[in-house]
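Per-chain residue numbering starts at 1, and chain names A, B, C and D are given in the order in which the chains are listed.
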Amino acid sequence: MAFSETQVRVRYAETDQMGVVYYANYFVWFEVGRVEYLRARGISYRDMEKDDDCKIAVVDARCRYKAPARYDDLITIRTRVSRQRGALVHFAYEAVRAEDGLLLAEGETVHVCIDSQFQACPLPEKYQVLSEETA
Amino acid sequence: MAFSETQVRVRYAETDQMGVVYYANYFVWFEVGRVEYLRARGISYRDMEKDDDCKIAVVDARCRYKAPARYDDLITIRTRVSRQRGALVHFAYEAVRAEDGLLLAEGETVHVCIDSQFQACPLPEKYQVLSEETA
Amino acid sequence: MAFSETQVRVRYAETDQMGVVYYANYFVWFEVGRVEYLRARGISYRDMEKDDDCKIAVVDARCRYKAPARYDDLITIRTRVSRQRGALVHFAYEAVRAEDGLLLAEGETVHVCIDSQFQACPLPEKYQVLSEETA
Amino acid sequence: MAFSETQVRVRYAETDQMGVVYYANYFVWFEVGRVEYLRARGISYRDMEKDDDCKIAVVDARCRYKAPARYDDLITIRTRVSRQRGALVHFAYEAVRAEDGLLLAEGETVHVCIDSQFQACPLPEKYQVLSEETA
């Protein structure tokens, strides 16, 4: 199954007083992973919102934390579409420490395509690449 | 099963360009819920870290989004301990719009007690109230 | 000069690995201060955006840090309008540790009223209370 | 005067319901600028904290906003040290839209070197490169 990789470097702002990355921030990185996954397939999520009246709202998000990410670590985010049907898209992620490949966290998010009225709608035809990759 | 309630008001900083609360911020609210749950039982999480060398690290976090929270909404966070044994504590949450009781999101987090060396350790005796509430 | 007070409790998410509140978060608290200042004068900033096509965009923001805020501290945010003329509103803030009144930070922000086209516009008549308070 | 450049791409998390980047987030980008400025001069801020017991705490921060940054924009952060003497370091920043060079914001931060006891201390000898650049 095809996946994309992108990297983020841990910002001081993302740490907490435990000296590790605060848990909610992994979901921000997953968002970065999603957008870069789409970009690698020629899809600009910005244009998708603006030109196609199609937003991808989150309905479920999960993360399992394996090892702490620390300040200034370079993190590889691996993203793939694990399932796509109708209005629903499932993404899966891994956050890996770039230096040594240590798995830091795994996660999934489920999204529903909505229009500007916040109504569910099928993923526009031109984005069918997302479903093909899960075949 | 006993639960606690606390309220947060949606900050502008917590919204995104979809005009709703960004999904990662619910996990910040869950943290607020946990801390207030403990405080309502006479436990200061700050002192727990400082005086008892016991931190509660997250190993799993999940949220299911039912309806969008919006800027300036007053949100009730309902928190309970759903399970406690050994080093592990499970919390469950509901985020509800205070105005009309609409359920916005449900979530769970699983935590492991660790000492300052990041080693798992049983929940100190004095915090056993957490396990009794799940009985 | 009239001012408003509101309180925030420091969230774990707002700390960094120095064990204190990350500097950018004071600007989020200042936003909370502004909104509560307005609410205390019968003005809902949410409605101002929705019903009056008037947003208050930031053009200048400053904070001087006097002492660190720490996790779980209760912080009083004191907010006042220091100047209002035409499209411009100046706010001034103090962040004070509630427990002992220690001044943690002082700040100012300057805002310009804009309409939905991002064009500067005078503050609507009904919000003139803001200029009167600086007289 | 020597400066460094680094780039950030605007995350969805960083936007607000006005459809632009929330004002506090520029200070997070300035932090990224500082760290990359140091890295370009062979200084790891992470090691500076760990090995040299030297933290750079913020005492003053300011940002003037010229034009809004928007979702998915690629932003160039230009950072330089504008002054260094004793325990104090002044940084200056520009945030520029990479696509067309439009100036989005300008800012300054002032920092004081502190040790692990939060006491001001002179910048360690080995970091004197910071003062030389302002000569």
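FYI, a contact is a pair of C-beta atoms (placed from the backbone, for glycine too) under 8 Å apart; a residue touches a chain by one contact, two chains touch by 3 or more.
Please read these numbers as outputs of a predicted model, since none were measured by experiment.
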item: Distance-maximising chain from chain B - centres being C-alpha averages; value: D
item: Cα-centroid distance, chain A relative to chain D, in whole angstrom; value: 27
item: Separation of chain A from chain C, taking each centre as the mean of its C-alpha atoms, in whole Å; value: 33
item: Centre distance in Å when chain C and chain D are each reduced to the mean of their C-alpha atoms; value: 23
item: Contacts with two or more other chains, residues of chain C listed in rising order; value: 12-13, 18, 24, 28, 31, 71
item: Pairwise touch network: line, ring, star, complete, or other; value: complete
item: Chain D residues within the chain C interface of the complex; value: 18, 23-25, 27-28, 31, 55, 57-65, 68, 118
item: Of chain D, residues touching chain A in the complex; value: 9, 11-13, 28, 31-32, 35, 44-46, 71-72
item: In the complex, chain A residues that touch chain C; value: 12-13, 15-20, 22, 24, 71
